[in-house]
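Chain nomenclature is as follows: A, B, C and D, assigned in order of appearance, with residue numbering initiated at 1 for each chain independently.
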Amino acid sequence: MTCTAADALQVFSGRLAQNVAEGSARRLVLAIETAFAPVPGQFLHVAVSGSKEPYLRRPLSIADWDHRRGLLELLVLPVGKGTRTLAALQPGALVDCLGPLGNGFPRCGLGANPLLVGGGIGSAPLIYLARQLVNQGQPPVVFIGASNADRLAGEQSLAALASEMAIATEDGSRGYRGMVTEALVQRCSIRPKPTSILACGPRGMLATIKAIGAAHAIPCYGSLEEHMACGVGACLGCAIPMVAPTDGKKYLRVCADGPVFDLEEVVLS
Amino acid sequence: MTCTAADALQVFSGRLAQNVAEGSARRLVLAIETAFAPVPGQFLHVAVSGSKEPYLRRPLSIADWDHRRGLLELLVLPVGKGTRTLAALQPGALVDCLGPLGNGFPRCGLGANPLLVGGGIGSAPLIYLARQLVNQGQPPVVFIGASNADRLAGEQSLAALASEMAIATEDGSRGYRGMVTEALVQRCSIRPKPTSILACGPRGMLATIKAIGAAHAIPCYGSLEEHMACGVGACLGCAIPMVAPTDGKKYLRVCADGPVFDLEEVVLS
Amino acid sequence: MTRNLAIQFGSLALKNPLVAVSGTFGYGFDYEPVLCPEDFGAIVVKGTSITPWPGNPPPRIVETPSGMLNAIGLENPGVDVLIEEYLPRLAARDTRIIVNVVGKTVDEYVAVAERLRGHEAVDALELNISCPNVDAGGMSFGTSPSETERLVGAVRDVTGAPLIVKLTPNITDIAGIARAAESAGADALSLINTLLGMAIDVEAEKPVLANVVGGLSGPAIRPVALRCVYQVRAATSLPIMGLGGVESAQDVLAFILAGASAVGIGTAIFRDPRLPEQIIHDLQAYRARYDAWPVGRAHQ
Amino acid sequence: MTRNLAIQFGSLALKNPLVAVSGTFGYGFDYEPVLCPEDFGAIVVKGTSITPWPGNPPPRIVETPSGMLNAIGLENPGVDVLIEEYLPRLAARDTRIIVNVVGKTVDEYVAVAERLRGHEAVDALELNISCPNVDAGGMSFGTSPSETERLVGAVRDVTGAPLIVKLTPNITDIAGIARAAESAGADALSLINTLLGMAIDVEAEKPVLANVVGGLSGPAIRPVALRCVYQVRAATSLPIMGLGGVESAQDVLAFILAGASAVGIGTAIFRDPRLPEQIIHDLQAYRARYDAWPVGRAHQ
């Protein structure tokens, strides 16, 4: 290893300081000791420790980062082998992380009224993003949605940071009944209009947001998901189709070219 | 499942009540709740819980069994992935066992002076065997040996049960300096001569014992090891060559035809 | 809603799609009472030859990542012992009995098939043309379409029993062998047998297995097995028994979707003999989604 | 005692036996500073074609027990970008650079070899005659001895660089292909490429990979890879780069004992990018046991 800059790629262990329920998800707080300076929207590639099953690492967004105390937050929704094992870790456990990875949300050109949209567990990276925007003096409007109240993530943390907040659930168990994008459509016709939309959530939600953004001429950035092997750009496993393919190039890498993309650049269908 | 007789094959969980060092090995005490009636020399096929790596179960001798309290003892020498994981289990852990398996040591025809020989971790099944002999009114002579004091297993338990006991280590760090079989040769020329030898340990030790037994016309029974897959006799993976092969049959199964064999029957080279 | 798990595997009606594969379940009784022959839709007994075969010297098995290698060498007591000792006991059980047949020559296979002709306990024969463990044995048949045809044709001539041909994956074009078996009169196919592999003991500086090479089985090979079933489904219209690394109801459904109408399980039972019971329980939920088992639906 | 880990792989002197295999390590820089090109004895860059190839649609990868399937489809920017963008940066590093060459026709392979002719950063070419991912691509060459000979001969004619031929395991007789490569003038062999496999999404009722089938890599395939190296070692006298599922120094030694003089690592790096450093450290202890690396000693 030749470089230990805080933003350089590194492998490090986080000691699990807290593991608490947040709806269906778990909030994992990791105490880390290395220099670390992630950008909101970046992610970690996390080994499911101990066991070799599953074999590959799992990508998880950096949900929050407290530089002063060296505390890193992850929000993990247990959907399969890897996330279930991680979600069940006991405080004290060491979590093996590779990161920070990928390009985060853009830091400039967001205008005076950035609006953040989170779908389900996709709210995770928005917490750290909202915190940064607050620090930059741009407290964002935050919309989050999920199928039901249990699937909402990061509500409390985001509420503390947002200048304005809306919540939607498909079954109405919390906030507006309906899709978060329905609330977004309405919001886009109210002044002050959002100057940019920064989103993370299911592919379908991002596609709808892209359409809304196009209709209202608002730049939209979304954090995408794809299965990953290396997480660093080496294996070309995490392809996402480009809107403007050339003869030789049709795909971008979610891990290294993203995970945050200008939604105009990528095909979401 | 149609049968729950105590000696029938079953899959059961033991809750780890104690895990203490015994030289280089660990003594694991499992609290079990099912009816269970093993014969000394039988073994359990133990899943390395939780992880799927290693995939197969590991055979472990029943080192002791306290029927009244439902406590089962295993002595585990950490030599590889599976035994290391088992040896590191914390009290409270559930251990998934298949058993009891195999044929144990013979219960009759042992004569008035059975002599037990254990090499290294091979002393494990001798504890339960010695206990049974004591209960039958035949307290055995017990010889145990190992490369060094740390590799001796079951010394304390066996000392409490033996009518006479000898210990040998190759480096002299405990008991006689030398091989346990050297002590055995000497003992075979002293009265009362052993009427049978019951042994468990490395292949080479068993081969020497077989020769000693032949020279002194003492019947010898030894518990053998072979890599196992099923542990029940189905896969034919644990073959040991027969002394008297026929045209069609050259091998016995350690798991189902053993693990205890009349040493006259098997090729030990 | 729970439904009947029954499935039709060629002419055989199975009460459930799960089959105990050859060589991993002996003659069906070793795991009793934890696991019984009647827990399965069918059981395939150990590879059976005309005379007893002693098998290979030990070590015969070694564990590998998510799997194991075996070089048993088709140890078996021969067809006469099967008939006298095991078939009568098996006949009393409520399951289908398939006899895996091995031989070193076409004549040896034919002889076993003749001995079993008309035996009422035998629901089908499975020709093991694929076992990689015996030098002069099955391997050569299963890697050549013409040899496969010759062998299957010869056995076909002497038996009226449903004839299943078990294919090897150690081959360039598995579909070609499947078509050869079909044209020679096979009633069904089973796949896959083990992948040829080896392990080296770095301390001893030599192969772990006395036989040097062995057959790889277990979850590690599941992706290869699924691919083979998918390819063979597209290449023939014979019913398929899919197997290789199955360890859950989800795996069973994956094989069915790939084109299997019966699904075998072997190595995973070594890890957990309760697994078949669990799988059959879990299959209820999958079955409830469909009017009929969705055999081959992944091809749509 | 620690010894120099250097090993001779044909005409290439490697400072240690560990090689980053093609397709898993990009052009060498993605893992920096955690893992650098110069940590390896050699690195093999991603499969390179004469024109840019876009690769397959997603999903391109899926995890399997102790392994993964990939169907990248040989996405690469083409040999010109390799020459302009990556080779100059790689040339500055203290390691051997091997270029993995792909093509859909003999002419395409030849064209890449010609473009790289005499390039001082290129220590060797590795012909990928085995990638199972592209319909009209490599697969067909590597499964036929005569096609292998034709391809290797044609590339041999236009390059003086050491020529490594990378073999596929999806084949009945790997030794036959190895001999064909040898007789056509190959300087070395590398093996194995991935095993052809697939996975099925039981919820979606279709194959997980957009390409339907993909290549299986990782520890799951190690027993197959060791067997192939052992067989090929016995069949030819060419130096061998052994690879497939390596994840420890013990595995490296197993491949060396089986007959490899260089050992590749790919998938295991995805799990742990610190592994190469660990392996090289652990290799010291093994190396200290021997006067020279015990290449092929398991055959004795």
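The criterion applied here is as follows: contacts are C-beta pairs under 8 Å (C-beta built on N, C-alpha and C of every residue); 3 or more make two chains touch, one makes a residue touch a chain.
Bear in mind that the values here come from a model prediction, so they are computed numbers and not experimental data.
Each chain gets a centre from the mean of its Cα atoms; the one farthest from the centre of chain D is B.
Annotation: 56 Å between the Cα-based centres of chain A and chain B.
The mean-CA centres of chain C and chain D are about 33 angstrom from one another, to the nearest whole unit. Here the CA centre of chain B is 47 Å from the CA centre of chain D. Residues of chain B in contact with at least two other chains: 52-53.
Touching of two or more other chains is recorded for residues 65-67, 218-219 of chain D. In terms of inter-chain touching, the protein chains here make up one closed cycle, each touching precisely two others. By the definition of touch given earlier, these chain pairs are in contact: A-B, A-D, B-C, C-D. Taken in their complex, chain D has these residues touching chain A: 23-26, 30-34, 36, 46, 51-63, 65-68, 70, 72, 75, 77-78, 218-219, 267, 269-274.
Across the interface of their complex, chain D is touched by residues 1-4, 8-11, 47, 52-57, 96, 98, 226-241, 245, 247-251, 256 of chain A. Across the complex, chain B is touched by residues 50-53 of chain A.
Residue ranges on chain D touching chain C, taken from their complex, read 64-67, 69, 143, 170-172, 195-200, 202, 205-207, 212-214, 216, 218-224, 226-227, 230, 245, 250, 253-254, 257-258, 286, 294, 297-298, 300.
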